[in-house]
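First chain A sits with chain B, and in the next complex the same chain sits with chain C.
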Partner chain A sequence: MKITAPLCATAAVALVALTLTGCTENTPESSGDGSVQITSTADACDVSTATAPGGTVKFQIKNAGTQVTEFYLLAEDGLRIVGEVENIGPGLSRDLIVIAPEGKYITACKPGMIGEGIRADFALTAAPAGQAVSADRAKLGETAVTLYTAYVKDQIEQLVTGTGDFADAFAAGDTAKAKELYAAVRMHWERIEPVAESFGDLDPILDAREADLEPGQKWTGWHRAEKDLWPPATGYTAMTKAERGKLAEKMVADTNELAKRVQDLEYNPATLANGAKELLDEVATGKVTGEEEIWSHTDLWDFQANVDGARIAYEDLKPLLAGSAAALDEQLQNRFTDLQKLLDQHKRGAGFIYYDELTEAQKTELSSAVDALAEPLSKLTAAVAK
Partner chain B sequence: MSLWRSRSDRSHGAGPSRRSLLTAAGAGGLGVAAGALGHSVAANAAPRMALVSDVVPFYGEHQAGIDTQAQDRMHMAAFDVTATGREELIALLTEWTAAIEQMTRGAEVGQDGATGGDYEAPPEDTGEAIDLSASNLTVTVGFGRSLFTDGRKARFDLGGKLPEALISMPHFPGDFLEEARSGGDIVVQACADDPQVAVHAVRNLARIAFGRARVRWSQIGFGRTSSTSATQKTPRNLFGFKDGTANIMSEDGAALSEHVWVKGAQGPEAWMNGGSYLVARRIRMHIETWDRSPLGDQERIIGRTKRGGAPLSGGDEFTEPDFEMPGRGGPVMPVDSHVAIAHPRVNGGVRMLRRGFNYTDGSDGLGRLDAGLFFIAFVVDPRTHYVPMQNAMAKNDALSEYLRHTGSGLFAVPPGVQPGGYLGQGLFEL
Partner chain C sequence: MTANFLIGLREGLEAVLVVVLLLAYLKKSGRTHLYPRIFAGVGVAVAISLAFGAILTFGPRGLTFEAQEAIGGGLSILAVGFVTWMVFWMATASRTMASDLRGKVDTAADGSSWALVLVAALAVGREGLETALFLWAATRATGETWEPLLGAGLGILVAVGLGVLLHRGAVRINLSKFFTWTGAALIVVAGGVLAYGVHDLQEAGMVPGLHNLAFDVSHIISPSGFLGTLLKGVFNFSPATTWLEAIVWVLYVVPVMFIYLRRVNAVKPPQAAVQPAEATA
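The block that comes next holds the complex of A and B.
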C-alpha cells in the first residue's frame, strides 16, 4: 500500500473507506501522494485525472455541494461496484482506497444519493510491481457468505432445540439438569452473538444482565434464569414454580422469534469480518473479566463459543486473504491456534472449569491472548473488503 | 446585572485584566507582578508569591471552578465527615475556607506556611507547591446527600435543609458503580494548570480535615475534556475525538443563568441560591476495543469527524448538526450517535456545563488501561438536567458499548463566599 502522508498511515492501512479531512489538509498538493482528487458538487463530479496506475488506488472525495453525496468506482459495465463511499456530508472529505487491476472503470458522484450519478470514464494502467490483484474476489466473497449463512442457521436451530430442553427442565424444577444445559445451550447463542445482537429488541429480553437493566425494565432471559439456578447466598428470593414457568415460556417464544427473523438476514464479507471482531470484543469486555456469568461462572463456555464464531467467519473468508493479505492470514491462523491451546488447558469433561477457579495469572494470560488475536482480527474487514 | 457577570467582572475587571496579562505572558513578558496583587500579598505573611496573571479570585457570588475557564488538571476528593457535631463541621469548613483562600492566590497555608514555623513542629503547609505559581487554582466545595441524612435520621441538624434536587441517583443501565468510588458527604474539586498545585490543595485540605473528615475517594484528572470559554480550543477525550464542542461557555450568561445557577429557591433551600449541582461520574472507557474499531465506525458512533470535529451532516466543528439530512440507510447523522442522543433538542432543551477530565489510573490486572473520562457537570437541577439525559444515553447511545460507569457522585455546591464568611455558611445560618 502506498502511503506518503505520515499522519494518515495508521488509519489508511486499516481501512478501505474513511474520513480523513485532516489528511487532505496535510497534503495540500492535489495528487501529491498519487491519489485521485474528486470534487462533488450539485451538478458536477470533477476528477483530477482520468488515468492512474492500478493496484492500490486512493480517491480523495470532497463534497463541495450542499447535499449528502456518494462516490462510486464502477466496473466497465457500469453495474458492478468496485468501491464506494456513502454519506459524505456537505463540506466533508472522505477517502476511498481500492485494490483494482488494470482496466476500464467508471467514476460516479451521486449528490443527493439519487439517480445514476454523474459518471465519467476512468482507466487504470498496469499496477506497479508487487501489487498483485487477485482474480475474482466477488465470487470468493459470495462463497464465504453462503458458508456463513448456513452456519448461522445451523446454530439457530440448535439454539431453538436447546432452549426448549432448558426451558422444560427449568420450569419443571429440575435444577440439576437446567444447570447442566445452561452453559452448553448458551454456546449456540454466543457463537452468533453479533447476529443476535443485531435485533436491538430481542437481545435485551434474552441476554440482559442485571446491571444492564434500566429502571422499571422487567428482567427476562438467560441471566434471569441463571440467577435463580445459582442464587446468591443471601438476600435473594427464589422464583416460584409459576414464575419459572412464565420465564421459560417467554425464553422459548423469544428464541423462536429470533430464529424466524434470522432467516431474512443478509450478509456480505465485511459483515462477517466485523462480526468476528465484535465476537472478540465481547470476549475482551465481558468474558475475560468474568462479568457475563456472574452467578454461574460459566464464562469459559461463552468465551469458547465467541472464539468459535469468530474462527468460522475467518475461515470462511480465508480464500479472500490469499495473495492480497497472506501475512495477516498467517498471523490470524497462529493467534487462533495459540488462544485455543490456552482454552484447552481449562477444559473439564465436556465443558470447562468455572471462571472463579482461574488464577489471576491465568486470566491475564487469556486476556493477552485475546488482545493478540483481536488486534489483527480488527484488520480483517479492510482486507476482505478490497 | 445578571448573576454570571459578577465573576467575569472580578476575573477581568479592576486593575490589569487577566486576559491582557495572559497575553503579555504569551508574548514572553511574564514576571512576578506582586504590586498588582495589592492587599493579597500584604495580608499574607507567608512568603510565596503568585503570578498575578494566573490567580482566579476566590471570593464572589459563585464559587470559582465552575464557569472559570477550564484548567488543565484536576484533583477531586470526596470526604466522609466523621465530626461528631455541627460546630465541629462548621469549624472544619471555616478552616478550609481560609486555606483555600490562601492556596488559590498562590500563598502557603497557615500563618507560617511551609518553612516559617517552629523547628520542633511540622510545617503548616506541606511545601510541595513552593516556587510554583497559583496556576489558576480553584477549589470548589459541594455537599452530598449523605451529609444531610444517613437514610433514617438527619445529621448535623441538616435534615430540613436537604434540597429536593439532591436526589439519590437512580441506577442507570450499564452502571458498574464501585462503592469505594462513589458518594461522599463533601466533595472538593481542585483544578489548576499544574497538577502539583491541584494535588497540593487536596492534600492540605485532607490534612486539615483529619479527625473530622476522611477521604472516601479521590481522582486525578489530566487533559480537560471540555472548553468552558470560547477562547479555548476544544480538547480531545481519550477516544481521540473533540469533546465539549456544544458546551455552555462562560461567555454565555443566559445559558449559565438558565441551566447552571440555582436561583429563586425559597425557605429551607434558600441557601442554594447562587449555587449549583455537581454531577461526577467516573466513566471507564474500553480503550482497547475502541482502538480496534474502524475509523468509519468511530465517526458514526460519535456523529462527528475525528480530526475536524464537524458533524457528519457537514460543515465545520461549530456547524449545528442537521439530524434530518437524509443519508444512505437513514439520516446522515446516525440516530444512535452520541451527538444525536446527547443533543439538547432531544433532551427538552436542557444543557449542562461540562467540566470533565481525562484520567488514567495505570492499568488493570489484565494489562488494559484503566482510563477514561472523569465526567463533571454543573447543572441547575440534576433531575431535569442529568438523569433523563443519562438514561437516554445509557439506553440508546452507540457509544455506551464502549463505556462503563464505575463511580458516581452528586453534590449540592453552595454559592460563593464573601470576605469574612465561610463555605456553606448559608446552609448553617440561613
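The block that comes next holds the complex of A and C.
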C-alpha cells in the first residue's frame, strides 16, 4: 500500500544510521588482546582483572555453567546498565563491547537469568590517548571543571596582587587608599569563597568577623583592618603603625598560602554546583542582613561577588543542562538576570552605595530575589550529577 | 544442552509465529502462489542476520551494546507497526473476498502483499541478529563440543516443526473464525513484541523506568525454564515486567483489539453466508 514505501525507506535509513554510528573496533587498541575475561558458573562470576583502561572496552564472557547466563556492566549506582549480553548458552563465549569513560562500575553475572546477579566492583582508568569516549556528559563535565578551575586560579591571583596593594596602603597609613581598595579587592575573595572556606584553618584567620570570634582567638584578617579603617565613634583605640604593619604582613602571608593550596584543589561538576549554592547561602545569611561589613557597609560589593561566583559556576555547567534539564536552566538564567537587575539599581560609580543607605523595602526586595534564585539553584547538583 | 535447546526454541518461536499466521492467511484466501514472497522475506532476513552476525563476530569491527539494543528495540517496534497494519488489511481484504467470488481477488490486494515480504522479513529479522550472534559464538567456541550449536539448532527445528503443526491446525478452522482468531492472536503477539521493544530501549538507557517493576514472578516462572521459554517465545511475556512495558502492552492491545473486533463483527454475516468449503482445500 501507499504507506509501505516511506516506512521501508525509514527502516532502511534507520538501520544504516544505527549500524554506522554503533560500529566500533572489535579489538581495543590497547596492547595485545586487552579484553577482560569473565567466567560465569552457577555460583561464581570470575573477572580476570578488576581494572582496565577506559574507552572501548571488550569483555569476553564464557559460560562455564549449565544454565543460560547473562552478563551486565553496571554503573556505580548498580542500576544503570552500561552494557549487557543476554542468552549466553552453556559452553558458549560471547563478547560485549562498550564505550565507557573512566570511573567505577559493577560487573554482574546472572546464571539462570534471575535476580541481582553475582556482583563485583570494577574500575576503568583513563582511556588511552586518542581514544574517543562517547560519554558526552563526562566530557561536558570535564570542560566545566577545566573552565571553573581556570576561573578560580585567575581570581586567586588577583586576590594575591590586590591584597599586596591593600596591605601596603594600610601599613603605610594611607587610609583613603586602603578604604578605596578594601571592597574591590575583597570581591576576588568573595567570588571563590567556598574554595577558600574548604581550608578550615585559613578562612577564620583571613575572614573572621569580630562577632564570630571564639574565646581566646586572635582577631586577624580583613575585618580587623575594616574596623580600623572605619572605626566606631566611641570606645575604640586605633591600631599603632607597628600593629598595622604586622596585620598587613600576616594577611599577605596567609593569602599566599591560600593561593598555593588552591593550585592542588580538584573539582567535579557536583562540587561546582554545591559551591554555587553555598555562595548564594552566604548572600542570604550574611550579605542581605548587612552583618558581613558592619563597619564599612560595603556589603553590596560582597553580595555582587558571591552572585558572580555562583553565576560563573552555573554558566560553566550550563552545557550539562541542555536537553536534560532545560526548564531548570531557563529558570536559573531568568533568576540570575532578575537579581542582577536589582543589584544594578544600587550601583554608584565603579562600586555600589553603602548598605546602610538601602531602605528596608529595598533590602526585602533583594532578599526575595536571592530566595527566588536559591530555590532552583538547590536543584543544580542533582541535575548535573545525572 | 537443554538450556541451549530452549534458547533456540524460544528465538525460533518468536520468529515462526507471525510467519505461520501469514502463510495460513494466504492459504485461506486462496493465494498460495504468494507463498514464495513470504519465504523470500524470511530468507532475506536469515541471510542478512547470519551475514551481520558473522561480520560482527569474526570481522574487525563489533557493534556497541547501545547499537545492538537500539537495532533490536527499533526493529521490534517497527515490526509491530507492520503487523498491526497487516491485521487490519486482512480484515478489510476478507470482506472483499466475501463479496467477490473466489479467484477474483482484486489485483490491488495482490500488489500490496509485497508488504507481506517485509512483514515476514521483520518478524524474523528482529530476533535474527541476536540468534545469529549466538550461533556464530557457538561455532567459534574453541576446544569445546558442538553441543551448544546442536542444542540451539534442534530448538529452532522444533520451533519450525511446531509452526508447521500450527499451520495445519489453523488451515482446518473454518473461514470466519479463522480470520477473527488469527487477527486477535497477532494483536496479542504484537503487543508482546512492542513491550519487548520498549524493554530493549530501556536497557539501552534511551527510555527510563528499567527498575520500576509492575510485577516480578521470576521465582515462579523461571525465565530459563520450559514454561518461561514458551511464554516468552509466544507472547514475549517477561516474568519481570516493568511498569512501562505493562502500560504500553495494555495501551496497545486493548484499543487495537476493540477496534479490530468491532470491524470483524461488522463483516461477519456476509462472510458466513459465502463460506466456501473448497477454500480450505
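We adopt the following convention: the second predicted complex is superposed on the first by the 252 of 386 C-alpha atoms of A that agree within 3 Å, B and C clash if a C-alpha of one lies under 4 Å from a C-alpha of the other, contacts with A are read in each partner's own complex, and residues count from 1 in each chain.
The rule is simple: a residue touches a chain if its C-beta (ideal position, glycine included) is under 8 Å from a C-beta of that chain, and two chains touch if they have at least 3 such contacts.
Here the structure is a predicted model, which means the values were calculated and not measured.
Engineer: With the two complexes superposed on chain A, say which partner A:Asn87 touches: chain B (first), chain C (second), both, or neither.
Structural biologist: both
Engineer: For A:Pro215, select first, second, both or neither according to whether it touches chain B, chain C, the two together, or no partner.
Structural biologist: Once the two structures are laid over each other on A, A:Pro215 reaches chain B alone.
Engineer: Once chain A of both complexes is superposed, is A:Ala172 in touch with chain B (first), chain C (second), both, or neither?
Structural biologist: neither
Engineer: Return first, second, both or neither, reflecting whether A:Ala372 touches chain B, chain C, both chains, or no partner chain.
Structural biologist: neither
Engineer: Which holds for A:Ala120: it touches chain B only (first), chain C only (second), both, or neither?
Structural biologist: After superposing on A, A:Ala120 lies clear of both chain B and chain C.
Engineer: Could you tell me if A:Leu328 is touching chain B, chain C, both of them or neither one (first, second, both, neither)?
Structural biologist: Touch partners of A:Leu328: none, neither chain B nor chain C.
Engineer: If we overlay the two complexes on their shared chain A, which of chain B and chain C does A:Ala259 touch? Say first, second, both or neither.
Structural biologist: neither
Engineer: Which partner does A:Leu79 reach: the first (chain B), the second (chain C), both, or neither?
Structural biologist: Once the two structures are laid over each other on A, A:Leu79 reaches chain C alone.
Engineer: Taking the two structures together, which residues of chain A meet both chain B and chain C?
Structural biologist: Overlap of chain B and chain C footprints on chain A: residues 11, 14-15, 18-19, 21-23, 25, 67-68, 86-87, 89-92, 113.
Engineer: Flag every residue of chain A that touches chain C in the complex, lowest number first.
Structural biologist: Within the complex, chain A touches chain C at residues 1, 3-4, 7-8, 11, 14-15, 18-19, 21-27, 58, 66-68, 79-84, 86-99, 112-115.
Engineer: Report the residues of chain C in contact with chain A in the complex, numbered from low to high.
Structural biologist: The contact residues of chain C facing chain A are 1, 3-4, 6-7, 56-57, 59-68, 70-71, 74-75, 78, 81-82, 85, 89, 112, 114-115, 118, 122, 130, 133-134, 137-138, 140-141, 144-145, 147-148, 151-152, 203-205, 210-211, 218-219, 222-224.
Engineer: Looking at the complex, which residues from chain B come into contact with chain A?
Structural biologist: 170-176, 286, 288-289, 292-296, 299, 305-308, 310-316, 319, 325-329, 332, 365-368, 391, 394-395
Engineer: Would you tell me which residues of chain A are touching chain B in their complex?
Structural biologist: Counting only chain A, the residues touching chain B are 11, 14-15, 17-23, 25, 63, 67-68, 70, 86-87, 89-92, 113, 211-215, 217, 274, 277, 281, 284-285, 288-289, 291, 360, 363-364, 367-368, 371, 374-375, 377-378, 381-382.
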